[in-house]
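All chains are identified by letter, namely A, B, C, D and E, in their written order; residue positions are counted from 1 within each chain.
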Amino acid sequence: MIAHLPALQVVIPLVSAPLCALLPAGRPAWLAAMTASWLAFLIAALLLYQVLAHGPISYLMGGWPVPWGIEYRVDALNAYMLLIVAAIGAIVASFGRTVVEQRLSLPVNKHPWFYTAYLLCLTGLLGITVTGDAFNVFVFLEISALSSYALISVGRDRRALVAAYQYLVMGTVGATFILIGIGLLYVMTGTLNMGDLAARLPAVSGTRTVRAAFAFLTVGTAIKLALFPLHLWLPNAYAYAPSPVAAFLAATATKVAIYVMLRFFFTVFGVQFSFETMQLDKILLPLSLVGIVSASLVAIFQTNVKRMLAYSSVAQIGYMMLGVSLVSVAGLTASISHLFNHALIKGSLFMALGCVSYRVGAARLERMAGVGRSMPWTMGAFVIGGLSLIGVPLTAGFVSKWYLIVGALEKGWWPVAVLVLATSLLAVVYIWRVVEVAYFKPAPEGLKVREAPLALLIPTWALALANLYFGLDTSLNAGVARLAAQGLLGGAP
Amino acid sequence: MQILGHFNYWIFIILMMCGFYMVIASDNLIKKLVGLGIFQTSVFILYISMGKITGGTAPIVIDKAVVYSNPLPHVLILTAIVVGVATTSLGLALVVRIQEAYGTIEADEILAQDRDDSL
Amino acid sequence: MKHYTIPRVVTKLLLPLILLFALYVQFHGDYGPGGGFQAGVIFGAGFILYALIYGLDKARRLMPPQVLRVGVSLGVLIYAGVGLLGLLLGGQYLDYNVLDSHDPAHGQHLGILLVELGVGITVSSVMVTIFYAFAGRGR
Amino acid sequence: MTPESLIVLALSIPLLGALFIALNDRRPDWREGVTLLASLLLLGAVLSLLPVVAAGARPSVDLFEFVPGFPLRLTVEPLGMTFACVAALLWPLNSLYSIGYMRGNQESHQTRFYVCFAVAIAGTVGIAFAGNLLTLFIFYEALTLSTYPLVTHKGTEDAMRAGRLYLGILIGTSIGFLLLAIVWTWAVAGTLEFAPGGILAGKVEGPLVSVLLALYMFGIGKAALMPFHRWLPAAMVAPTPVSALLHAVAVVKAGVFSVLKVIVYVFGIDFLRDTGASVWLMWAAALTVLLASFVALTQDNLKARLAYSTVSQLGYVVLGAALATSMGVIGGSMQIVMHALGKITLFFCAGAIYTVTHKTEINQLDGLGRVMPFTFGAFLIGALSIIGLPPLGGSWSKWYLLAGAADAGQWALMGVLLLSSLLNVAYLLPVAARGFFVAAPSDALAVGGPPLAVREAPLACVIPLCLTAFGCLLLFFHADSLYALLAPITDR
Amino acid sequence: MAAIRLRDLFAVVMLFGIYSFVSASLFVVLDAVDVAFTEASVGAGVSTVFMLGALALTTSKEKPKSARKTLLPLLAVTITGLALVYGTWDIPAYGDPANPIHHHVVQRFIEDSPREIGIPNIVTSVLASYRGYDTLGETTVVFTAAIGVLLLIGGARRPSSGRDNAG
């Protein structure tokens, strides 16, 4: 079975999804979802181990050779991504049950469908990550997108519906742009396999069609990953989604979109075309900088903490794109390791916030007064996540920031390095607003708030501790990221 | 020849622009979805015309024909159409819920209501 | 529309034909245009027509939502199951060659047939399900 | 026990202590017992390292590989040893004092207080033993974060504002400047290890040296170099044991200690002297010394006056470092020790006065010296030590600093040092004088409650402050051993 | 397109159906019978029905609007369009058998699939076998849509949830 791990990685959640839909009640469906997502996590870990030990794995769907069939190709980069997605998927699945059962305005008979949609979303994200076929990316992109629209829309607030709709329109436009891009590439090369594309593109790279394809893919993925200024769908979507969904999407969906972008820029088009011919870095750099600064500033003025975190996500995406625009091993290492670290950070933050709103009923800042005392464990996890977001040493967030600054300094870009540090201070400001209210504002009279149930706390703390652990032992997040970055810059994976 | 050779593509571009404009500019949520549909269909036409070979026939093997049009885009577009209808139906479901929750399906009115909410 | 006789009669006449055509498309997809997806849509459309003419309740009695729910999942399961079967028989995922150990081409044929069946079941159930959802909401 | 395991032990004792304190939330006696026990254990561990280091060994231990290529490394060298000794010595005293103070004032959240305190001590030990810049930075941040809850302990609007300022300046400067400087250092030198003689010599040139130095100096906001000194007076809202900790032991000393470390082991004093990059720093430090002294004169709140005095005294350390002579550096290092003992005495006294009388302003102290002779006596000794009069410890550090300035040929700076000593006299002695020589106001009955109720502070407060005052005296006679310990740091 | 100007949503949807039908016939012209078949049944059939269903639940009239803020969308659309025109400039001419698209991957599908798969409809064999995995994905997309719709408006109706928990 070991040889079939790449296929099983996606197929297990895929098969569990309809099974889940067939189950009559929420509990067994949740168990199925749990089992499937933890299995996926296990497989992802095994895959990463295999890739690190033996090099890239290629798996041919249906046994058809490349480029006729669809290939699954796992190298250091996507094995790493798989691990992120599957890990967050498993942890959030464990977290989700209590919230779904008690905090959603969803009738009981629909609970299995919620888990089904969750599994489908996981399937889609894993599928995007593992595939080596350009069109297959589109198909799985849509699976994950459709299910995430549905997941967002079950939020309690009616604005969740509008947010989901906005996301649907933007997301579909983005996906269609990607589709156009893939189509234009196909017409020029006659192939859809990424490796094959990479081999055949240089011959036609001078043509305008390829350039247009590049432009469409860039814009399409930029919408999906919420690159400033195409991020408008994100804050609402995250703010009104149910907290497990927000945690899951924030930690994985945009990351996978970034992965797709990296894959196309570096593997398919190649460094030379992307950054020398198209001068992509010249576009990404200012966009990411403006994105970081403006989103951080906006985050400071939010009163809805979930929305604040969503804007912070936009800023963090800016950091990742900044790393990409450096086009150096250090910069890419920063980006890729930040994919991992930010998944941990936002996962734990959104989950801690989920615990808070589970007890308090809302994620608004003023409602969190005194929560630090009544829910010490929850807020403890929030503080750890926050510190990691700021990039305090000994937390995971520090590692990626370190590489980012090193990358900027290597290029001699002083202002960029200074700006990265200065915006970390903005993160201090918005995180500290929450901490202050939670710890030092007295709770309103007569409001009794208890600590969140263990079923919520354990997953939250698992991620919070991961933030600390990966701040200490960076061989996984930074080490593999470095390998992946070298792989990307060294040409085909 | 150059102009004629790209005629198809331009039709699709014009259609696409119409659809895209509808998506961005219209305030009515259903109209936006219709625009999205047009936008997507125009992309399908792009794909299919890529696969056409002058003088070819549909890619079903029969003895007489020698030249077949390229079947691969057809396959891709079949998938894409399905994706399109899936998106449309989900979007419509959302619109229905929005109508129930807000009593309107005009984007600006919804925005106005939300603004009132947050005050 | 329950009170218009002509549509009712026409529908009654047409419906078997439509469903038959759907089945034809389903299983003839190997030779002519069509396949599981188109068949599923036609089947679903035929049913939707029935529901439009005879009313939702009657349609629901004929094709209960519970059955549809099973159908929706079943199709995907058949498809993915065929893939897993390939795995178990020693091939790659979705490898139909191994379905028939003697004649790979026959295995392919069989695999495609099954897979298309899965697509057809899912698509038709989904179409009717979505229609039910919209129609059921209005009343 | 090997020196290496002692290092790890020294770091883990306060952390474990914090854990046990947290576990004993509901049992105050146990909690405080654990605090005292941990502090004594730490003292034992640090003191048993002392002979090893004095003998010239430099034990070093790598905790783990942090970012590949950057181990979290702890190394003990004389400078760090000195600092660790100060911290370890004053923690038990401060703990004892805290118990008296916190109980005497019935403060809330005492468990949080003791936990954060222990963590802060762990951070301090970590800074003292940091073997490379990154380790230093990590513990530096840990110290900032763990002391934040202490500053905002009271939870009032004032305290929160002070906490924001505290955190804002310290985190802001450290992330904005210090981290940048560290990454820059790594980029040019390829290493972050502290090495005798520095690692930057020949790697950076011209005005860039000054820029990098400025990044470091202003990045280490804890050293309270003007204009980044505002957090220190603001942090005075904290309970007095915290102020004592902030001002005498942990935070500010961690700052100036880092300054010394950076100048001695990263730049190297020879390199600095040759490039002349630190000349501006001398003047910045001198300006801080003088300005802060003047501000201190104008403060009527006792703790605020002490705070500005601290800012001024820290300037001495930075000045010593900036002189870039071995005398200057040794003087600066000694100043860390001397000022620590002197200032903690003063703060203990201020706290004792507050515990008994709830008075915070200097003009309210009239005549209290007669009621609280031990407290005011200790205050006098501490003040004299800070002023630098023999036979108290402070005189030595002043002496070495003067010698260092003379070495560097900076006569104007010598003038600054003398002038500021005069200012010290002007702002410290009147406090003690008021206590002893001005008669208690007759309306004390009406304002401050019955004067008869005023007695000496609780024993748990008085004992530590007497001990530290005695320490000031003792250091004068044992300064030679301190010198012997510190002398090697400027050798290559 | 008239659909942009029309206020009557019912007519818009109808036009959309007709448009789908027209494009379906276009697909036939382009030799894509399978696709045409699908587009006809889906675009002109099912999705029109769905849209009508949704219209019945909402409203069929768009509210009149002043013609403001049309400039920015127009700009965005024009830029996209120009980018595409730019891009298509170098596309090999329409229908030319020498295009790379007809020579790389597809060769094997056309030449070998009858032998390897044994069925004449190449589209089907590519769909279900060579790229069978895509089709599995496609089926999953449909499944996802069903789950999504069910989550949103399926099953038992619940009372209209006006502003429960707004804020």
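FYI, a residue touches a chain if its C-beta (ideal position, glycine included) is under 8 Å from a C-beta of that chain, and two chains touch if they have at least 3 such contacts.
Since this is a predicted model, take the numbers as computed values, not measurements.
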By label, the chains that touch chain A as well as chain D are none
Per the touch definition, the chains contacting both chain A and chain B are C, E
Min route length, chain touch network, chain D to chain E, equals 2
Argmin over chains of |mean CA - global mean CA| returns A
Relative to chain D, largest Cα-centroid distance belongs to chain C
For the pair chain B and chain C, the C-alpha centroid-to-centroid distance in angstrom is 24
In whole angstrom, the CA-centroid distance of chain C from chain D equals 79
Chain B to chain E, mean C-alpha position gap in Å, rounds to 4
Chain B and chain D have mean C-alpha positions lying a whole-number Å distance apart equal to 69
Touching two or more other chains in chain A are residues 14, 17-18, 21, 61-62, 135, 139, 142, 146, 149-150, 153, 158-159, 180, 186-187, 192
Residues of chain D that touch two or more other chains sit at none
Where chain B touches two or more other chains simultaneously, the residues are 20, 33, 50, 58, 60, 72-73, 76, 78-79, 82-83, 86-87, 89-90, 92-97, 101, 117
All chain pairs satisfying the touch rule are A-B, A-C, A-D, A-E, B-C, B-E, C-E
Chain A partner, complex, touching residues on chain D are 64-68, 72, 134, 137-138, 141-142, 145, 149, 152, 155, 159-160, 163-164, 167-168, 171-172, 175-176, 179-180, 183-184, 186-187
Per the touch rule above, chain E residues touching chain A in the complex are 83-84, 86-92, 99-106, 108-109, 129-134, 136-138, 140-141, 143-145, 147-148, 150-152, 154-156, 158, 161-167
The residues of chain B that touch chain C in their complex are 58, 60, 78, 82, 89, 92-93, 96
Residue positions on chain C within touch of chain B in the complex are 31-33, 37, 123, 130, 133-134, 137
The residues of chain B that touch chain A in their complex are 20, 23, 29, 32-33, 36, 39-40, 43, 46-47, 50, 72-73, 76, 79-80, 83, 86-87, 90-91, 94-95, 97-98, 101-102, 110, 114, 117
